[in-house]
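These notes open a run of structures that come right after.
Paired with chain B in one complex and with chain C in the other, chain A is shared by the two complexes that follow.
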Partner chain A sequence: MELTKNITLGVYLPGETIIHRLDPRTKIIAATILIVMLLLSRSYIAYAAVAFFIAMIIVISAIPMGYALRGLKPMLPVLLLMWIFQLFLFRDSDTLVLFNWWIFEATEAGLHMGNLIILRVLFLFTVTTLLTLTTSVVSLTDGLENLLNPLRKVGVPSQELVMTLVIALRFVMILAEELEKIIKAQMARGVAFDQGNFIQKTKKIFPVFLPLFVSAFKRAEELIIAMESRSYTGGKGRTKMKTLHISRADLTAAITILIFTGLMIYINIATEPFI
Partner chain B sequence: MSLSVRKIVISGILGAIAILLGVTRLGFIPVPTPAGHATIMHIPVILGGILEGPVVGIITGAIFGLFSFLQPGAPFFADPLVSILPRLFIGVISYLVYMLTIKLNNVLGHLFTGPLQKIKASMSPGLSGSLEKLNNYLPLILGGAFGSATNTVLVLSMATWRGYLPSEVSISIGVLHGVPELIIASLLTVILVKGIQRIRTAEDKN
Partner chain C sequence: MPIEVINLSHSYKIGTPFEHKVLHNISLSIKDSQFVGIIGPTRSGKTTLAQHFNALHIPKQGKILIDNEDTADKKTDLVKLRHRVGYVFQNPDYQLFAPTVGEDIAFGPSHQKLHRTEIDKLVQESMHQVGLDFDTFRNRDIFALSGGQKRRAAIAGVLACRPKVLVLDDITAGLDPRGREEILNVIKDLHQNQKITILFISNSMDEVALLAERIIVIDQGMIKMDDLTRNVFARTEELRSIGLELPEVTVALENLRSAGFHLPNGILSVDEAIEAIAAALQEKGAHH
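Moving on to the complex of A and B:
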């Protein structure tokens, strides 16, 4: 039971490449554009273009390929299952039946649907992984705060919202230690967490959850008092020790992503689905 | 709109618990179904909605959703429309159901005071006691149950609508996972809210 050792939040791989040094805002916007493009695309050519673009980013950022795709491994069985579901259960009128056995009927539309969905999920996963691999959590939250800032004008408390995210990330480790203590204390009292059937195992989470939540709420009250006594008033008029700057590399990246967006829009308009 | 320090801190810490349950796998309960496990990672979101109101519910839900988007447990959570959007509603629905049940309880309590007293007098003290208890817990049970159902139904409908799962599969996952999740969520909501409220009243007295 060494909970704190196994926790990895945001698997940042430090590096000195152009991608690493880009402004976090540029990277967040680029990732968002890529995600939206992926959600809208329905043709193989569009996915091929995205694959090429992502491959370029992986090469430039010098991230070991195996490391970038490591997180995919546990998902492969479920991905395969999703593909099979689509192949046999996707229903569409006037489509070619590939083969037919008992109640199973594989259609051509189902095959394409399955392929596209697997590709979409794979690329979405790679885009978010690339973002977290090349950007530290600190600069991600910094960039997010900065990007949300214009929303203050319409009344969205952007800096406060990012503050909740920062508190959450900070407290994961603190509460993990707490959780470890609670689990050890219950084990010392004779609770065997890894034994029993489903219902017995479920019952054992109750004596862990209650102390965890109670202690979390106590810590919350302490933090509220600490922040209020230091006159925390949210983001209004706050300055930063490190300010973000747009560099020449950011401009190049912005132009590249704009050209790519244009290309993707053209591909999606010009091609039929499933081509 | 501005957020009080209290809302910021409590959303943050509840979000931390949701992330913690995810990274330690403690939030996954091994249910004997082909798909593997039921989740209780949405419990902090339900608690946020019930204890602190809809705003905290939405923010905690957003943190939970963002986490499951960045470290997806199932492939289709890589789509933000499946992982983030549905989670914003869990806390709100829990809060609304909880408040509505309390209101109904009050109204019906007043309406039926007379007849209920008569029936109560004829009941054994044990039975009337447990009836009272059930009445006390009902808002929490329903709040937890509806919050959990919101998560199951919205996530699976979104996954179906986006084309990741055929509807037959979604429905069977919904029943096999949704029902145990719903039961565990409503039990945990009662226990955790009552526990936290007891600590709070004890602290207020000091």
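Moving on to the complex of A and C:
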């Protein structure tokens, strides 16, 4: 019984590689560019290029490949379901019908849309995971705050937003740990989570959520008290212990990501969609 | 219902960079109706070991036999096994999830395919055992309970499954002295009158010294001592080097000994200590 093993989002894997040492702002901007590119690309060659690029980052940052991709495993059933929906339900007037099943028909356009969505979700998740795996919570906060600072002038509470986001990331792991404890407590009194068919298993999940929500609210309340007792009053007047500065490595990273962006734009213009 | 642990090892987060081994080659056996204290510093692996006893962890290396049934065996009915080996968690908040005390205590038996009246009887009995009045507390909101009441409700919820073995994971932590004493009396009663095997994990050496007949000391995932209580607490230096505190009585007697009093070894209770000190004083008086 170990749920937290497969959770990689929000986990920081300390290291000394060049990727770890990059300024958090560089990493955040690079991740954003990669994500935008993923959302704009419609060609398989472009996705292959992204896959190669991400693989390079994983290798350079010395994260075991299996661990970097581990978080994807629990998502696979959901993705498969999405793929099936796209395959049968996506409609396009002049598309090839691949085969019919009962009242549904699978189309070529549906197949491509299904593939595209799976690829996008997988890569989006991997990029975000890589960002948190190589960046500690503190530098992630500093970087995001720094990037969003200009928005303060137009009244956006950037620091508070970032704090919320970082706490949310942190809570992924905390909630998984709580969930594990609750499931164990119920198993100890005779609930067989590992037995029964799909419907029976689903039914068993519901009594888990009540205590999970209760403990989530409790945790949140404790956190509020902890923050207030250290005089947290939001972003106003807060200073930083660490100052961020751009190094040579950041320049190299910036140039690399620019070249890659150019390449991606070229691939998307030069190739037809779904090739 | 004997428990047999053979060469058990356990690691967390296998296959990730965070993999770490918490139990190394643990072997032990527990006979019926024993009261065993399990002590060790924090993160020594006490809870992990204890959660193997009711198959919340299934061994990947080594073996556990509960009543001669292998928990790793696919044919073993784990649900039944978990009813026979009750587990009370460190934090009652994880364990209490029904809206009212009565419903929560009925949770275990309602998974045993019992008749309604039988379940009611079990709830009533187990509430009585832990000293919660049935009529007062049956419909009480879980969140309206005090810390001590929550623990008692949690224990009742496990007792309602009619366990033969009870694993108690640091259940007195954070309780006031009175709540502590009440809970300990409940446990003592269960052991003496119902002959339930008790595996008592605790950070309080005073409690373990008073209650347990045998003590298992765990440090860094290994068994360091496994002996009768008085023999374990006689090894004061070793316990200190592991980072464990000693029972207050042991410390007091030790200080008196170093001040020149002749006191016998193996005294654990306050009453015994008083007698021994009185005897030692008389002896000293006689010499003068």
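Following the convention adopted for this analysis, the second predicted complex is superposed on the first by the 175 of 275 C-alpha atoms of A that agree within 3 Å, B and C clash if a C-alpha of one lies under 4 Å from a C-alpha of the other, contacts with A are read in each partner's own complex, and residues count from 1 in each chain.
Here, a contact is a pair of C-beta atoms (placed from the backbone, for glycine too) under 8 Å apart; a residue touches a chain by one contact, two chains touch by 3 or more.
This one's a predicted model, so the numbers in the text were calculated from it and none came from an experiment.
Undergrad: Considering only the touch criterion stated at the top, classify A:210 as touching first (chain B), second (chain C), both, or neither.
TA: A:210 contacts both chain B and chain C.
Undergrad: After superposition on the shared chain, which partner residues are touched by A:113: those of chain B (first), chain C (second), both, or neither?
TA: Touch status of A:113: first partner only.
Undergrad: A:182 contacts which: chain B (first), chain C (second), both, neither?
TA: Second partner only, chain C.
Undergrad: Decide which partner touches more residues of chain A, taking chain B and chain C as the two options.
TA: The partner making contact with more of chain A's residues is B.
Undergrad: Check whether A:79 is in contact with chain B, with chain C, with both or with neither, and answer first, second, both or neither.
TA: A:79 sits against chain B, while chain C stays out of touch.
Undergrad: What is the contact status of A:51 with respect to chain B (first) and chain C (second): first, second, both, or neither?
TA: Neither partner.
Undergrad: So, does A:191 touch the first partner chain B, the second partner chain C, both, or neither?
TA: In the superposition, A:191 touches chain C alone.
Undergrad: Check the residue A:33 against both partner chains and state whether it touches chain B (first), chain C (second), both, or neither.
TA: neither
Undergrad: Which partner does A:89 reach: the first (chain B), the second (chain C), both, or neither?
TA: In the superposition, A:89 contacts chain B only.
Undergrad: Could you say whether A:64 touches chain B, chain C, both of them, or neither, answering first, second, both or neither?
TA: So A:64 only meets chain C here.
Undergrad: Give me the intersection of chain A's contacts with chain B and its contacts with chain C, in residue numbers.
TA: On chain A, the residues that contact chain B in one structure and chain C in the other are 208, 210, 214, 218.
Undergrad: Under the touch definition given earlier, write down the residues of chain A that touch chain C in their complex.
TA: Touch list, chain A to chain C: 1-2, 4-5, 13, 63-64, 66-67, 70, 178, 181-182, 184-192, 195, 207-208, 210-211, 214-215, 218.
Undergrad: Over in the complex, which chain A residues touch chain B? Could you list them?
TA: 3, 6-10, 35, 39, 71, 75, 78-79, 82, 85-86, 89-90, 113, 117, 120-121, 124-125, 128, 132, 155-157, 160-161, 163-172, 174-176, 179, 198, 201-202, 205-206, 208-210, 212-214, 216-221, 223-224, 227-228, 232, 234
Undergrad: In the complex formed with chain A, which residues of chain C make contact?
TA: It is residues 12-17, 51, 54, 56-57, 78-79, 82-83, 86-87, 89, 91, 93-97, 107-108, 111-112, 157-158, 161 of chain C that touch chain A.
Undergrad: Show which residues of chain B lie in contact with chain A when the two form their complex.
TA: Against chain A, the touching part of chain B is residues 1-3, 5-6, 8-17, 19-20, 23-24, 26, 29-32, 40, 43, 47, 59, 63, 66, 69-72, 74-76, 78-81, 163-166, 168-169, 184, 187-188, 191-192, 195-196, 199-200, 203.
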